[in-house]
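Consider the two complexes below, in which subunit A is the common component and subunit B and subunit C are the respective partners.
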Partner chain A sequence: MRRSQVKVLLCVLMLSLLTSSAAFANQTVTVWAWDPAFNLYAMEEAAKIYAEINPDVTINIVETPWDDIQTRLTTAVMAGQTGTLPDIMLIQDNALMKNVIDFPHVFADLTDSGIDFSQFADFKVSLTSVDGRNYAVPFDNGAAINALRVDVLHEAGYELEDFKDITWSEYIEMGKDILAKTGKPLHSIVAESPDLIMAGLQSAGTWMFDENGDVFIANNDVLKEVIEVYVELVNTGIMVQVNDWEQYITSFNRGTVAGTINGCWIIGSIVLPEEQKGLWGVTNMPRLERSPNATNYSSQGGSSWTVRADSPNKDAAIDFLAHTFAGSVELYETILPSSGALATYLPAGDSAAYSIPHEFFGGQAIYAEITDYASRVPQVKYGVYNYEARDAIGVAIAQVLAGRDIDSALMEAEETVRFLMEF
Partner chain B sequence: MTKSKIANVLKYVFLFVAAMISIFPLVWMFISATNTSGDVLGGRLLPGTNLLVNFRALTARADIGQALWNSLRNALVATVASLVVCSIAGYGFEVYHDRGKDFLMRVLLLSMMIPFAAIMIPLFMMVGQLNLLSTTTAFVLPTVSTAFLIFLFRQSARYFPRDIIESSRLDGLSELGIFLRMYIPVMRSTYATAGIITFMAAWNNYLWPLIIMQSEESRTMPLLLSNLVAGYVTDYGLLMLAISISVLPTIVIFLLLQRSFAEGIVLSVK
Partner chain C sequence: MAKTLNNLKLKSRQSIIGWAFVIPAALLIFIFYFYPIGRALFLSFQTGIGANMQFAGLANYRRLLSDNLFKTSLTNVLTFLALQVPIMLTLALALAYLLNDKTLKFRGFFRTALFLPCATSLVSYSLIFRSMFALDGFVNALLTNLNLITSPINWLANPWTAKLVIVLALTWRWTGYNMIFYLAALQNIDASIFEAAVIDGAGAAARFFRIVVPMLRPIILLTAIVSTNGTLQLFDETFNITNGGPANATISISQYIYRLSFQYSPRFSYAAAISFVVFILVAFLAMIQMRVGDQR
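Moving on, here comes the complex of A and B:
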């Protein structure tokens, strides 16, 4: 190659390097998210990592509760003022699809952004995509766990292993025995909350809407089976219904129940009472029996990072997420110990930090175990009318517990959702 | 014991029980501010020793001083501005009334039936286009003129003796002078009532600041409280302390002005 050609090539190379790093020069990427101990902490750590990659971009994190994000988002879109929204918003998975479909121009399509979505748990990618396009970088893991007080199990002659890979019937049989011997129900639930029903549905790869988005409640055999299990849990006294979230937390913090079944983020509340250190264990949730695709794995809650499509800082925001939440095992290793924020970014699961024994759970390597659960959670699509359907199911549960037959309660729930969809 | 004495005792027992029921949540909130989160959830009714710990945790968690100042500044500016505008409007509607103004007053009263949520979006558009987001001006503008306060001042002006206005005019006092030097001193109790109502509404306002106060530095107390309950784990001792701090200014202002408040209400609804 001639010297002049080499010079030209070098110039082009330098110019391209300059433009790529100068592209985001002095930009501020604003983020809205909630929970300082969890999401905000993760975002702050991500900002530190990105500061080394691209020091010209400032990450401005504004604490904003989820309900407030939803209100501001709706108001801004209705008022045509999407410019008032931040560059990155954390969105609850339960509401993500509805927002993307209702406000399609607000969220950036990240499918061809260079982010490798195959590196995330399948169920989470399914929840954050619409029509095969990805609209959010998956974040926290809501894989369902069955957390149990091992000392109570021992008192009744059981081991944590006895609860692994079991069916709901086996759970109920052991629960009856434990209740008789120790006087403790196995777990508690907020009355009329559909959370456990939803976890049961997803564990069998089914939801309240079919693949075409039509309501699938009245003739949904899986849903029927889950509700039958729910009623039996209540009637046998194995599951106690409490009035609100505070009472729910208190029930296992004070040891009035022997455990809880929920998304793995509940660990943050389980570990509060110091005196229970070493007494807990984690296993997977029970599975349904009649449903053909039943598994012991499900998901509850969780949220993901979206990018505003019309943001002037869109490219910087995507680059930031690509280098951190979608590309840095180091980030997930850093945030795990103090926040318990478990990743759905699968490469993080292989890191040594995930195999460290957890003292509160008797030295069990719970994080590696839960990451394994997450990789087995069946995929479902929550759909646009997810919240409406959840509420209708909550009403149906109350009716069934009051004595109404399941079929007619589900029929009414389906009609309610249909009405709301047409409204 | 005579019948009337028994009736008296029963009356006081009833009043005591009713007072206890209404004051209990407030007392429990102050007590809980001194307890740990676990004690609060456990329903502990005795004061604890965790007040300082809660305070340190609260100041580490959020800039409560900034939020208190934001709330106080916004509420005071909104109160002063709306008292000035609404009292002049109420006085004008009553003292200089004619058919046209009476019709306008009726239209104004009808506007009380429109909920804030219905006008929130156009208001947000205006504020957004004027680049007023996260400013006190944006907070104050929609509350400067409210139909309720104008109505309150108009009703009070109805009981302001016309003879005073007539004699002041004869003595050469200007119309503004009559308002400033005759009307305002007489109507102190109405101002106190309107002031308390406006201050409390502005202090507790949630929806409007939620939409417009987007920067961390412009956050008001209700928004800060909302942040404290948004996580996967809530510290209830810290939360109760924050709520206790946030209700103190309204309690103090109410206690200082309660006599005038009662007088003002009586005067306006006569």
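Moving on, here comes the complex of A and C:
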């Protein structure tokens, strides 16, 4: 008797589950993203906003590091088990094109989903689209900044203004002087991590691949100039190489170096030491001289929200993103002050929250400034073989620093990438 | 069932029971080991990026011959093997011999201390080695304070010192592990053999080389094969201490496989081909070791 009652109850439960998932309501949209202070926080705030618009949809946020997302994504697709993937995944911009092309039909084409992509910064839309189709809702801004300790600059007789709109050789000249007077190098970098090289390339609108997707390394004059600058920065002692990310963060948190050049998300790490409050300032990064399209603007890092194409909750996921990350200035106003999560959603840039002075940066209105940088970042396509090329360039840098000439190191890098590309 | 079992002859009854014990394990091994190995072999004859695959015969294996990164990683791993395994096994054998001495005080303590590294996780000990050998790390501080060096050495930025750090780390982690095998084997050598040797006037060195080494030959062979196998599949240490750097000077075959599968545009088929080469290498080296070492 009791058993049959349980059976009936179970049937009713199953039925109710089935009927509810058939409608648009009572769905659960699962999200994978990393970084609790930044991406996850933004997602939680977005979920709160959406709860008022559509209380029947639950947003289930699961913290997943980027390396795990990539590994799980690859494994699930290779095994034909895309059902194990969440409805929304945060993807690094530099891996997005690779994943969209390697795994066709996994990511939803959002071009005609009703999301207005003209509302986002052009360079970011370019990074998140493949063959003119949009595959992700752009999120955080990776606009490159040169963050400097203004007190150290003063000690050597310089102002933050002296670093605005400058070339790399001016940067090196001042860097030498500051190093001599204060004993502090200007910035630090993780050895063999080619992030600065990549930022330099993009600042001149160039990449390691040409517009047809062919390798463009050995005869890339911009790349040569960037590497020359890199070597000079290391040899003059203006830039210190450290072994890992922890040491990199520590180097400016402890004041071993006088600043850092990176994507603007690095602000989250800069503001950690309370005693450095008010001592920092932000300006744009130095530009190249020989390269024709050189600018003082670039992008480094950054990620975007993708939707799984075969998800039963696809429409709910798109609706959620359209009402939050692609439609709510309020969301960007909420997340900006505490996380520094700068948007690439242009309407948010006009919001009053962006012009509020930042105490840590001596009252500078850094967010308005960085939003302005973001609108000037040259567009490039990172391409499918971006990680292969990054590693090859990392090896080339190590070889050049050990005494090898740039041309032959780049020739080998090009051959390595070409080899990895051909199948 | 019980009745039919009873009716069978003792011999066939025993063999049925025997099979009943063996079959579940054999099935599991077949499903979770041999089937994937077979699938991987099949995969290695295909090419393509991501999930777009077609049959390509031996193309992946031919490609290996012109793959510089594969050659670099193979050379690195063989260098680690040639440097590290002999050092480690000799050390382990010597330590086991010393710790087998019944007159030694605090024997239990030393044994535990030497075995303890094996209880640490590969990733965490690698991270500790990395920070110890950092430019401003413990080792440089120690050497500077002892006035052995004037300026800190950038251990992980130079190809040979980086290799040396990996070898050191591996030796620290695995010596105790091999020592336990030798200790166990030493305890199986009859004490009367040693007594007889002492009466005949054999010194400690003679006892070590004339009795211990020959009698431990099968165990030495086993540890040599296991260590070779482990070194060829090296991943955690190089990934965490140097991440393959500087300029791929420490990249291991497994890390190259990982890059091909998960960091680059995924090429599972080519990665599978490389794993089979490692498999063949392990088998080949083990065969040589058996030929040289096993004289039964």
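One rule holds in what follows: the second predicted complex is superposed on the first by the 399 of 423 C-alpha atoms of A that agree within 3 Å, B and C clash if a C-alpha of one lies under 4 Å from a C-alpha of the other, contacts with A are read in each partner's own complex, and residues count from 1 in each chain.
The definition used in the following text is that a contact is a pair of C-beta atoms (placed from the backbone, for glycine too) under 8 Å apart; a residue touches a chain by one contact, two chains touch by 3 or more.
Since the model is a prediction, treat every value here as computed from it, not as a measurement.
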| item | value |
| --- | --- |
| First, second, both or neither for A:Asn54, with subunit B first and subunit C second | neither |
| Touched partner set for A:Met78, first subunit B, second subunit C, both or neither | both |
| A:Tyr385 touches, of subunit B and subunit C: first, second, both or neither? | second |
| Which superposed partner A:Asn243 touches (first subunit B, second subunit C, both, neither) | second |
| Touching partner for A:Asp68 - first (subunit B), second (subunit C), both, neither | first |
| Which superposed partner A:Thr167 touches (first subunit B, second subunit C, both, neither) | neither |
| Which of subunit B and subunit C A:Gln92 touches, first, second, both or neither | neither |
| Which of subunit B and subunit C A:Phe419 touches, first, second, both or neither | second |
| Subunit B and subunit C footprints on subunit A, overlapping residues | 71, 78, 80 |
| Subunit A contact footprint on subunit B (complex, rising order) | 37-38, 41-42, 61, 120-122, 124-125, 128-129, 133, 207, 210-211, 214-216, 223, 226-227, 229-233, 236 |
| Touching residues on subunit A, where the partner in the complex is subunit C | 70-71, 74, 77-78, 80, 98, 102-103, 191-192, 241-244, 247, 384-385, 387-388, 391, 394-395, 398-399, 402, 415-416, 419-420, 423 |
| Subunit C residues touching subunit A - in the complex, by the definition given at the top | 47-51, 66-69, 130, 134-136, 156-157, 243, 245-248, 259, 261-268, 270 |
| Subunit B partner contacts - residues on subunit A that touch it in the complex | 34-38, 62-68, 71-72, 75-76, 78-81, 83-84, 246, 249-250, 253-254, 265-266, 268-269, 272-273 |
